[in-house]
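In the part that follows, the structures are each spelled out as structure tokens.
Both complexes below contain chain A, partnered by chain B and then by chain C.
Right, the complex of A and B next:
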């Protein structure tokens, strides 16, 4: 088991980024990374510290959130399968530049996870081999887990032809 | 005619015979997508036994069925499948919308769930409930039998308004117009051309739709 502050200091030294932050909340250790350093940090976490399993990628829309400074947060949950150590890596994005590097070269599990984040939030992962919608139909025009997507109303689910009794 | 009967009397009796045959031998197509499907299975099983009413032959090929029972919520991705299966069923055919979700979307008022299948395919009977009791489905089958006995004809004259063959691949599954989203969802989302009130932000356009 590697101490988290040791991971933080090593990453700060290797990437040269002083804005890495380590926070804990209820035994949940988070590493906040500026987006430019996301890929080098994740690469070193995998190759240097043995975080060989990508548990999940998800995103949060902080629109209308009281104390938020950035709109989107993207969250990577990592696991070291030999020590059982877990780490949550978090980065922030703002419109209109919603691009992140794909971590598919590091973990193959990122394939569908990044597609899901793209499907629901419209965050584009550069370098993903096949970035298209995974759950919603291709014809869907918006990203429904964004906070400005309307909760009620007819929406895209009504853009279908109607079959009448005379026609079918 | 040989007996000197008027033509209409002759036809009417055969209609009655055809209706009697059709009504007592409905072959359901179980389009079960959710918990209503469990109730549908219960109706087919021994305790409720829909075989007593001649509708026990559940077939999973739409070409062998004449009664579609839509049991469960229908989402956007499933609706083109539902329409295709409905078109593949031979006439005469009927449709029962079973349960709150199929009738109105139920509690699932979200971006992906269709709010009532009757907006997109014809429905003959609605069953309320979440899920409905098996007795309600049996009652619906009985009501449908009454309906068939009253309105059906031997030659299918009730379906004569059909003029041309229409298959799903002739119809676009996705709209080719621009979809305005998010916008005013209270009426509709198809607005073309986009005006000042409903501008389409470039980032909201799909590449597929931009080409059209």
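Right, the complex of A and C next:
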């Protein structure tokens, strides 16, 4: 197990980014990274500190969150399978530039996880080999887990085209 | 997904005329639920498999943002209809981690027993249906009879057989009775015989072994890189089990009663063997837990203002009623820290995690599920290539894909 502050110091030195921050809540340790440094940080966490498993990628829309200044947060949950150490890496994005580098070259698990984030939030992962919608149909127009998407009402689903037996 | 997408596979035009495309699912007896595979075939050999999912997407995560922390448990257990109790325990485990609640020993033990019963029930179904898909009907019936017994135990505890919604923040819906303990003890007594019956029907069955051995091999490095957890990863030699590595509930106290089951084969047969042995290890945990079941209250103290008071107290005392309304009314409710947290448990299928963002109100601002099935189904294209079309069913069965959890 490597001490988290040691990871932070090393990452600051290697990437030359002084805006890396470490936050702790209960047993979770969260590393906040500006998005320009996201890929080098993740790459170094995998190759230098042995975080060899990508547990999850998810996003949060902070539109109505109290005192929030940034719109989207993208979260990477990492795990070191030999020591059991966990780290949550988080970065922030704002409209209109919703682009992040894909981490598919580092972890193949990112394939579907990034597609789901794209599907639900419209965040584009540059360099992803096959960025399509995964849970919703290709013709779906909006990103339903954004906070400005309504919970109730007749939406896209109502307008889905129906195929007759002759057309299929 | 349109079929043209399959055409992006790089082949020379000469090769291409031999290939044909087969649509497998979404309605197919071996997919068990609705999921679709687009297979590119060379004769009967699979050259490429493209999974297409989303047929069961019902927006659970969006719904979670509108329900409070206790209400969402009814949605969570519908995500995994094979072992719903495990999902309930996972959800409230993370919520309690967010709120910093320490459960009472009795509650921890009861939840542990239920989680292990869920594991046995999940593995029973998986082994039964995987064998059924390969043509063996009898083990399916043996396995499903054991699932019935587990349903009876869950019904005795909660009043509901399938989706019990038994957990609450800080405890359980209500305490178990003596009859429940008797039923669990009877199950612990009777299960090894059923297990050995299934074992004798399948483990050395020549057809079953030939259909599963060497099929869908997942190497260790690939398993880690693809994020596999649970029995799928352990069958590939990843020695990792959250019950041992990050003990939660009563697993810390019971850690000497069980072992982590691993295999090195990484094929369908290894996954079958790991699940078979895990059932016996779960049974050891249940036996130890039921014999050492602590007495005392099942819920944490009502004074913490985090747990719903017991129903008789709500009906008969003014304090209980006030406390009940403090938590239920829309303009009151729980006070949560403005923080976010990731927590996970070892569900029967692997690491089942939740990422909760709390904004201070009694509803999660965002509740992301980390579903093991979703991650495991992404592995499928890597396992399918090079095998016969009839092996797809074996691979699909060994990964234990639950479509409601896959699509949420």
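Following the convention adopted for this analysis, the second predicted complex is superposed on the first by the 159 of 168 C-alpha atoms of A that agree within 3 Å, B and C clash if a C-alpha of one lies under 4 Å from a C-alpha of the other, contacts with A are read in each partner's own complex, and residues count from 1 in each chain.
In this text, a residue touches a chain if its C-beta (ideal position, glycine included) is under 8 Å from a C-beta of that chain, and two chains touch if they have at least 3 such contacts.
The shown structure was predicted, so the numbers you read here are calculated from the model rather than taken from an experiment.
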item: Larger contact residue set on chain A - chain B or chain C; value: C
item: Partner chain in contact with A:148 - chain B first, chain C second, else both or neither; value: first
item: First (chain B), second (chain C), both or neither touched by A:136; value: both
item: First, second, both or neither for A:112, with chain B first and chain C second; value: second
item: Partner chain in contact with A:162 - chain B first, chain C second, else both or neither; value: first
item: Residues of chain A at both interfaces, chain B in one complex, chain C in the other; value: 136-138, 144, 149, 151
item: Residues of chain B touching chain A in the complex; value: 76-77, 79-80, 83, 86-87, 109-115, 119-122, 159, 161-163, 166, 171-175, 179, 181-182, 185-190, 203-206, 208-209
item: Touching residues (chain side chain C, partner chain A) in the complex; value: 1-2, 53-54, 57, 59, 61-63, 65-66, 97-98, 100, 222, 224-227, 229, 238, 240, 245-246, 337-342, 344, 351, 353, 355, 357, 359-360, 365-366, 368, 370, 374-375, 377-378, 407-408
item: Chain C partner contacts - residues on chain A that touch it in the complex; value: 25-28, 30, 52-56, 58, 60-61, 65-66, 75, 77, 81, 84, 86, 88, 107-109, 111-113, 116, 120, 132-138, 144-145, 149, 151
item: Residue numbers on chain A that touch chain B, as the complex places them; value: 96, 122, 136-142, 144, 148-168
